[in-house]
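Got a structure for you, questions after.
To keep things simple, chains are lettered A, B and C as they appear, and every chain counts its residues starting from 1.
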Amino acid sequence: MKTSKAILAIGLAFAGLAVQPATAQSLTVSNQGGQPGEVQRKTVFEPFTAETGIKINIDTFNQELARIRTQVETGNLVWDAISLNPINEAAGCEEGLLEKIDWSKYVDAKAFDAVGACGAPYLASPGTLVYDSDKLSGDAAPKSWADFWNVAKFPGKRALMYQPDQTVEIALMADGVAPSDVVKVLTGPGGLDRAFRKLAEIKPHVKWWKSGDESMQLLLTGEVSMGYGWLGRVNAANASNNRKLRIVWDAGYTNALIYFGVMKGSPRKDAAVRLIAYQLSAPAQARYMEQLGNPPANSDANALLSEARRAALPDPKARNGMMQAGPTYINFWLDNGDAIRQRFATFVAQ
Amino acid sequence: MAAATHIPATERAVLIGSRIFTTLVFIFLIAPIFVVVPLSLTAGQLLVFPLPGLSLQWYREFFTSPLWTGALANSVFVALVTTVAATTLGTTAALGLHGARFRFKPILVALLVTPIAVPVVIIAVSAFYFFASINLVGTYLGLILAHIALALPFVVITVSATLQSFDPNLPRAAASLGASPLRTLRTVTLPIIAPGVASGAVFAFVTSFDELVIALFLTSPQQRTLPRQIFSGVSENISPTITAAAVVLLIVSVLLMLVMEWLRARSQRLRNPLETA
Amino acid sequence: MSMAATSHEMAAAPVPRAASLAAQVGAAERRHLWRMLALLAPSVLFTAFFFVVPLALFMFRSVDNPEVSGYLPQTAAVMQAWSGKGEPDEAAFAALAADLRAIRDTPALGLIGRRLNYALPGFRGLLTKTARRLPAADDGATKAAFLAIDEKWRDPAIWGVLHQQSGRLTSFYLLTALDLEKSPEGEIRRVAPEQRIFIDLYGRTLTVSLGVTALCLLIGYPVAAVMSRAGPRAASWMLMLVLVPFWTSLLVRSTAWVILLQNEGLVNKSLIALGLIDQPLALIFNRAGVFIAMVHVLLPYAILPIYSVMKGISGNHLRAAASLGAPPLRVFRTVYLPLTLPGLAAGGTLVFVLSVGFYVTPALVGGPGDQMIGYFIAYFTNSAVNWGLASALGALLLLVVAAIYLALGKLVGFDRLRVR
């Protein structure tokens, strides 16, 4: 009968559906998405696939550690390799969510500032004060985070990240803390309260963004007059829209190494390690950073960059950055991160 | 409509006022939906008016980028499997409910229709926890099972409504003529309730095809559906391609709506052939 | 839905004389019933397994408390027996030390740390630090060793948490979802003001939902009235205009509003071009945006039930009242409104229940201060991994929805609670 055949066919189809389609020859990678993600696909993933035959599926996440925890703790691994900020690299490593990998076996560790116990850094990502120089110029342009906070003199909405890490650091800079002192003040007594008090001043004027793409969209569409944004996003937004978003380096900025790690228990660990090692190699780093404009994590890649790009790279040592690193800083976030995130969510929603 | 001739001025004012109001409400209902149509033709990179120029680039992107074509294919596939399964299950259930009378029937009815009443986010989160424990997160099967659970009540309700006006003497006549129950079902009952079943199927299809929240929780990139991809295009990977995708969704919705209304009119005609003279 | 059972009046009709015939009929009846139940079985089992079971497990998570008893079994046993008063003795420290040694190099340490951190921020760090520095073997002075690692181990709050969370079930998440907590002494009290969030959140969810419902009914009622009095051709056109948005993906509609209402959006640009405003109005990513988009999404759910009730009202009633000399307003108030009340109630219930659970639309068009309970359920599942709290919030939301359904559904009749 027709029906029984149809039922059989459906049954077979269902049986097939339960099987994960990802094979040994494909990897699922989760990165920051957006235009920088697109650059990463073109300059790193596609050449990698061409060289090894390993296909890359790309997913996007906004550093919600929860999504990693969920996959590892329930045993439903969707991702194999993931992009991580320094806090999540440390937390994920300590919680056993990431594979512990001795990266010195795969890369030349001397070329890197730091290699994590679980993740390997692939770029440095400064988070900065950005404005549209076509709309604001001269005296109307902000010079500091204090200006950013000064809505009377500089009207318009502000874009800030809907996450406490990086945002409370920025608030302290606006409150007059030098970038080099931010870690000390933040982790010291009353530092966090001071940051939240400062954030409360500007809260009514803030449009909070959740993804890097949103942060640029808000600036490009004129929804906000200035915002907090990452270097790679700003470069990409300027390049693809032919715009003149400008970074105020002198205001002070956060700076973080962004890592790649392997999900604990990934059945494709070897391929994932291979991809990450490939991504950290000097040629791949140079191709990637040439387009993105971020400082490469592999210092050997600097020599392979074009003259123009090298000149345009921010020099973290000469400039005014606050590095999101070091045991004091990382442990502060490991111990208090959940509580601060909850406080932040409450604070923003009130 | 023998109105409008001898009515006092105040009532006429009310009438005119309410018509103007209604027109404004319809503009409010319709206009925003069609705003995406011109925007999908923009030559620029941002979703703002005025358009810097016209271009089909976003449609090209939509129909050529593997991200979008894959999402479209996933959506169609998941919706079709959901439709077949939910329609089969729902129709048999409706027939069973219609044909039987027993004490616990109201409880079964309530059980079958409650998924409609529960906020989707709760269904999605529950499905997520449950499917995570049986390794179905990030599989087509998990997504489809959750979509069937969501679509099933619509089929049960729609087919039951059709069955209410179904003459119970017809299957009895067939049975008295010696037809087996299965044959009666196939040759008598099903053809008559077919429009209702088809309406239920359309409902099931749309329920799955437009569903976002469950897809947010249950899919990995391989099963990413069109609404999930649009959501990503609104929040994480912002691109005007979402407007092209929205126009495609819009066309599918309007077509299905027309099919639905046609089916409704048809089943009404079948029910009371005299009324629609 | 009333599924009026129709067939087999025969069974009800008494069959005189032939008792064997009655028995035959009875047997046929039973056979028929079994056949019908067999038809029902797949759907019922499917719904039970893929809807009821997941929902029940989800609800259970709001009281489930496997971590302490699972990962720190010896400590949990000691804590269960402990009075909760004063400082715990050497045995408690020794039990905790043994538990920590067993899990110190496993992911369990991170899990238990996170779980205890929900109840008391800082617990996670204390636990990992202690586990790391703990001597390998017991020397009878575990308490001193703990205090040497960190003086915090003297804090009654620490032990209060361990004591309270040592059971297999906990009221912790449900209390948290109501902005309540248990003091170390076991009294239930409100949390500190800066941590109060969820009561406000329920309040916000209910006020937004009520506002949206009121707007939908106020706007929908006259529209439905005009539709019901229009000619058949005009009515079917108007019906289409209601149905197109009804069938259009909610995602498409919410996105459209973002595009329309943003600072540089069509609405603001037109208003500026018309000279009505100088500065763009804040129409999106705030409460106004949430109202506009939600009313747009839900209006068809109000119009359609009201319309179907109005369509069924014969004009004779109204004409009769009018011919008796009643002024139009009075006809409306005493005749028309009561007759259309079931439609209003059905539309209102639908809109309210749907809006209480809204998640996607406020997420797209609202600011962080406009998010409703559905958003936080997703947030605690996806972004903050506090599944117990997500479940507790979900359980309370479900309770609200069920209460509305039962109260209004009884009043209106469940069969009216659908749109088309």
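What we mean here is this: a contact is a pair of C-beta atoms (placed from the backbone, for glycine too) under 8 Å apart; a residue touches a chain by one contact, two chains touch by 3 or more.
Keep in mind that what you see is a predicted model, and the values were worked out from it rather than measured.
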Chain of greatest Cα-centre distance to subunit A: B
Of A-B and B-C, whichever chain pair has more C-beta contact pairs: B-C
Length of the line joining the C-alpha centres of subunit A and subunit C, rounded to whole Å: 32
Whole-Å gap between the CA centroids of subunit A and subunit B: 38
CA centroid of subunit B to CA centroid of subunit C, Å: 22
Residue numbers of subunit A (touch at least two other chains): 70, 221
Contacts with 2+ other chains: residues of subunit C: 262, 264, 381-382
Touching two or more other chains - residue numbers and ranges from subunit B: 47-48, 131, 133, 235
In the complex, subunit B residues that touch subunit A: 45-48, 81, 84-85, 131-133, 135-141, 144, 220-222, 232, 235-238
Residues of subunit A defined as touching subunit C within the complex: 64-67, 69-70, 72-73, 94-97, 162, 207-208, 221-223, 264, 331, 334-336, 338-339, 341-343, 345-350
Complex interface listing, subunit C residues touching subunit B: 1, 3-8, 32-33, 35-44, 46-48, 50-55, 57-58, 61, 219, 222-223, 225-227, 229-231, 238, 240-253, 255-260, 262, 264-266, 269, 296, 299-300, 328, 353, 356-360, 364, 374, 377-378, 381-382, 387, 390, 394, 397-398, 401, 405, 418, 420
Residues of subunit C touching subunit A in the complex: 106-107, 110-111, 114, 117-118, 121-122, 124-125, 128, 194-197, 200-201, 262-264, 285, 367-369, 371, 379, 381-385
In the complex with subunit C, residue positions of subunit B that touch it: 1, 3, 10-11, 14, 18-19, 21-22, 25-26, 28-30, 32-33, 35-36, 39, 47-49, 89-90, 92-93, 95-102, 105, 108-109, 111-131, 133, 145-146, 148-149, 152, 156-157, 160-161, 164, 168, 171-172, 181, 206, 210, 212-213, 216-217, 227, 230-231, 234-235, 242-243, 246, 249-250, 253-254, 256-257, 260-261, 264
